[in-house]
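Got some structures for you, see below.
Next come two complexes built around chain A: one with chain B, the other with chain C.
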Partner chain A sequence: MSDDRILFEDVSKFYGEVLGVNRVDLSIPPGITTLVGPNGSGKTTLMNLMTGLVRPGRGRIRVLGIAPEEPERLFRLLGYCTQFDAFPRALTGHQFLYCYLRLHGLGHAETERLVWQALERVGMTEAAHRRVAAYSKGMRQRIKLAQAMCHQPQVLVLDEPLNGLDPMARAEAIALFRELAADGRYLIISSHILHEVDQISDQVIMLTSGYVVAEGQIQAVRSEMHQEYPMQVLVRCDHPGVLAARVFEQDHVVEVKMHADRKGLLVSTRDGERFYELLERLVLEGVINLESVAPADEDVHSVYEYLIGSEGGAS
Partner chain B sequence: MSGRPWKLWWTQILAILRLEVRKSFLGKRAIVIYLLAASQVILFGVHAVAVARGWDHCRGTEDFGVFAAEFQLYYLRLAVFFGCVAIFMNLFRGEVLEKTLHHYLLAPVRREVLVAGKFLSGLATAVLLFGAGAVLSFLIVASHVASLRHQEFLAAPLPGHLAAYLGVTVLACLGYGAVFLMMGLLFRNPIIPAVAVLIWESITVFLPPLLKQISVIYYLESLCPVRAPFSGSGGSALFAISGEPVSAWLAVPGLIALAAAVILLSALRIRKLEVNYGAE
Partner chain C sequence: MAVYKRTYQPYQGPLTPAWSRFLVIARQAHRRVFDSRFLVFFFVLCFVWPAVCAALIYLRHNAGAIELFKINVARLIPIDGQFFFRFLGWQGSMAFLLTAFVGPGLISTDLRNNALPLYFCRPFSRAEYVLGKFAVIAMLLSLITWVPGLLLFGFEANLEGGAWFRDNLWLASGIFLGSWIWIVTLCLLALALSAWVKWKVLAGALLFGVFFAAAGFGTAVNAVMHTDYGNLINLPQLVRTIWAGLFGVRSTGGIPPDSAWTALAGICALCLYLLDRKVRAFEVVRS
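Presenting the complex of A and B:
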């Protein structure tokens, strides 16, 4: 049993007769792991299972070697920013963080220090003594983030953490996530905003209807799909016609489209490695001069479209 | 910290107590509880004012009998009962309805410690409010008896009675509190079982002695220092305890054991609790 991973072993969860997740096997390394999938795909269920808010019907979960049934150990190294947008009434932002942090058994001075540190990290020091009930949606989101990270956990589970944040706050939050990941922490983030997922993820877990359909680094996931969904590469060069003639000779190339301005090609290939070798050879032989080469569908959005389809509702 | 869990647990219980008092018992929603606790004080306060103004007369030690009847028929059966419903049922159920329970469940606190912390915070509040209500109302009765019927006042064993009423109130909060805490954990709509308990506590007077013993009020009334003057005619006679009262040596440990057993069951229940507000 690996104590440096978050492990799901054959985990299933049903809510009555409704499937939450089914037969999930995952091994999550440090860094930013994003859960991607449409509404009802099981993202939140996975997070709730990981944190013991719901219990699996079958299977086993370990967070760095600790079972979710041991909250007294688990939540010393894990913080969870849930999607629930509810707070105890009558508490200010500072009181909210302070009161729940005292549950860790910390003294007053240490708690105060950690609370103000967390408030500062999410830019909420000025609003600290206002009641949470009077906060805007974005402020509530930030105070939840502060609560999840105020005890400086090794694992952060963040359910749609960018919801309600304005563009500036989003950029700051993403920078914060990167900083935390660079420290060797584990960040599990669910999101349905795919271009943000692309920006922040070290690896993705794609879910649909309670099943994990792909996991790993997005390039690796994409390369595993080349037989079914040939990889698309955009090439801009000085002799696209010549290039088109040469690539058509390759058995792994399935389609070539000429750009409207006749200065580039969109090549579909089942073997990206061999295609790039061909390009390199043509350049070395002086047959073409490249302007640019870029994969056209090696991002989360494309993989999502191929695996889950546009009905998923992600943007 | 792992080597000294008791110290950590106690620190966490104090943190829960601090949080519960701040968010649940100092707000506007607690007004009903304050009113219930103050109702008996208001009742006897009005009577004392009426006696002082000459609108009513003091019956001397008979007033202590009236206090005993009122304490058993109204204060224990209604004020403390519904006060405990309001305090203890909301400890968990209220948080589920407001979708805030997860904040506790995402803290490094054993769930059993959470149950203990919440129960103690409810108990502290209930004892403080209803204990004060019992003591103040008794002192009001005692003070006007003292001022008007000095000899009778000196003859009565007042400190003992005061301690007994306070003790009974504490035990009532303990017993009812434990029962309603568990109901808040077990039932989606705990008002229905609470009404069932109220009905049961009321009809036990009509039941055989064996069934009578399966009620909190039976033991509480057995511990009261003055048998209320139920013997007369009227509606209050319906609630008379028939049969011998239980001795304090049995009633006190019995109520404590009941509370402990129910708290233990609640602790077992919360280990399996899942947060699924959407299904509520």
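Presenting the complex of A and C:
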């Protein structure tokens, strides 16, 4: 049993006859882990299972060695930010944090200190004494984030934390996530915004219809899919025609497309490693001069499209 | 994966005892209750009758006042079971109204805002949540029922002497027990309706409905079927029957006290069942 991971062992959860998640096995390391999947894929269920808010029908869950059935121990090290705007409307931001932090069992002085620390971290000190009901969507997201992290948890579970944030606030939130992860914490984030998932994630968990369809670092996931979905590489060079002729001789190359400006190629290959070796050789032999090389579909969006897009519909 | 070194320091300071955390909910709710001028006014109004009762007790024992106002002592209400039965009857009505003002929004607001996960993603259980909400009403009702009741009892005992205190100690237990029976019933009913109906106004209307419509229906059953068992769904009558037993006065309900106890216990059990079904971090969705 690993005490430095979040573990799911053969976990299933059904709501009556409705499937939440089925036969999930996961081992989540520190850093930023993003849950990706269409609506109803089981992301929130997975988060609720992790936080003990729903109990699995079968299987076992451990958060750094602690079972979710032990809330007194679990919530000392875990903070949860739900996707709902769940606020007692009459409270101010400060009262909101204060009141819920007291439920953790902290005394007045310590609570005040941690509340102001969290407010400062999410940039909400000036609005602290305004009522939550008067907050904008972005401010509500930030105050929710503050309530999840104000007791300094080691594990942060954040359900759609970037929703409703303007670009500036998103950038700030992402920087904050990075900062928190850099401290050695575990951040479990669900998101629909795939290009941001790419920016922030150390690893992703892709879900559809209650099943985990992929898990791990996105490059590793992508490389496992090369047989079914050949890898696409964009190459810009001085002699794309020559390059096209040479790569067509390779048995792992399945398609080559010439760019409209005839200065680049889009190559589909089932073996990225051999393709890059070939490219290297051609450059060393002076056959071509490279301008740029970049994988075209080694990102979350592409993997999502391949694995889920057709059946789940990206949302 | 990036390499992360654990550098943050989790909170390791002292904690309040786990049993006391439900009081956080009560404190927060009371602050909001007393933000309302109407509720403050009504709460003060609830102490008028205890003040009148205290004045009556004082008059009975003040020879100067009796002579000054030429009061016939024989015409003053005796301080006995009947006195405290009436006291509790009046204060019980005020307690019901106070519950109707405070109770319906306690859980319904959290349910409507999907706020329950906020409570349960802390070291805080469903039972503690319900206990916290229960304490919001129970503390207020205590202040207008058994607390002034026992103060009146103590006042009378102080004026009458130790013998009266010893002979009538059962009245004190009647005040305490009778008040708590009413408090528990009102709290559970208000919380169950608040949990069942997400709309605060409707929950409040339902609370009045449970009391008055059920009482009316019970009376109709009595009239049509020539029985008294219709009173089993008449909550005020049920509790009056129990109080009558506790204060040794004649009951007018016509139902045996053990039936009243059983019916009240059944209603409380039903309320607990409803709370158990509704107070969950997430609603179970079945297709």
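To be clear about the criterion, the second predicted complex is superposed on the first by the 308 of 315 C-alpha atoms of A that agree within 3 Å, B and C clash if a C-alpha of one lies under 4 Å from a C-alpha of the other, contacts with A are read in each partner's own complex, and residues count from 1 in each chain.
FYI, a residue touches a chain if its C-beta (ideal position, glycine included) is under 8 Å from a C-beta of that chain, and two chains touch if they have at least 3 such contacts.
Remember, it's a predicted structure, so these values are computed and weren't measured experimentally.
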Following the overlay on chain A, give me a clash-or-fit verdict for chain B and chain C.
clash
So in the superposed three-chain picture, is A:Arg76 touching just chain B, just chain C, both, or none of them (first/second/both/neither)?
both
First (chain B), second (chain C), both or neither touched by A:Glu277:
neither
Please work out whether A:Gln154 is in contact with chain B alone, chain C alone, both, or neither, and reply first, second, both or neither.
second
Is A:Phe84 contacted by the first partner chain B, the second partner chain C, both or neither?
both
Which partner does A:Cys99 reach: the first (chain B), the second (chain C), both, or neither?
both
If touched residues of chain A are counted for chain B and for chain C, the larger one
C
In the superposed arrangement, does A:Glu255 touch chain B (first), chain C (second), both or neither?
neither
Contacts of A:Arg55 with chain B and chain C, given as first, second, both or neither
first
What is the contact status of A:Glu120 with respect to chain B (first) and chain C (second): first, second, both, or neither?
neither
Just checking: does A:Glu224 make contact with chain B only, chain C only, both, or neither of them? Give me first, second, both or neither.
neither
What is the shared patch of chain A, the residues that chain B and chain C both contact?
15, 48, 51-54, 71-72, 74-76, 79-80, 82, 84, 86-90, 95, 99-100, 102-105, 147
Sites on chain B touched by chain A in the complex:
1, 8, 11-12, 15-16, 18-19, 22-23, 26-27, 98-100, 102-111, 113, 271-272, 274-277, 279
Contacting residues of chain A [partner chain B, same complex]:
15, 48, 51-55, 69, 71-76, 79-80, 82, 84, 86-91, 95, 99-100, 102-105, 147
Touching chain C in the complex, chain A uses residues 15-18, 29-31, 48, 51-54, 71-72, 74-80, 82, 84-90, 95, 99-100, 102-107, 110, 114, 147, 151-154, 180-185, 202-203, 217
Under the definition above, what is the set of chain C residues touching chain A in their complex?
1-2, 4-11, 13-18, 21, 24, 28, 32, 35, 109-110, 113-125, 281-282, 284-287
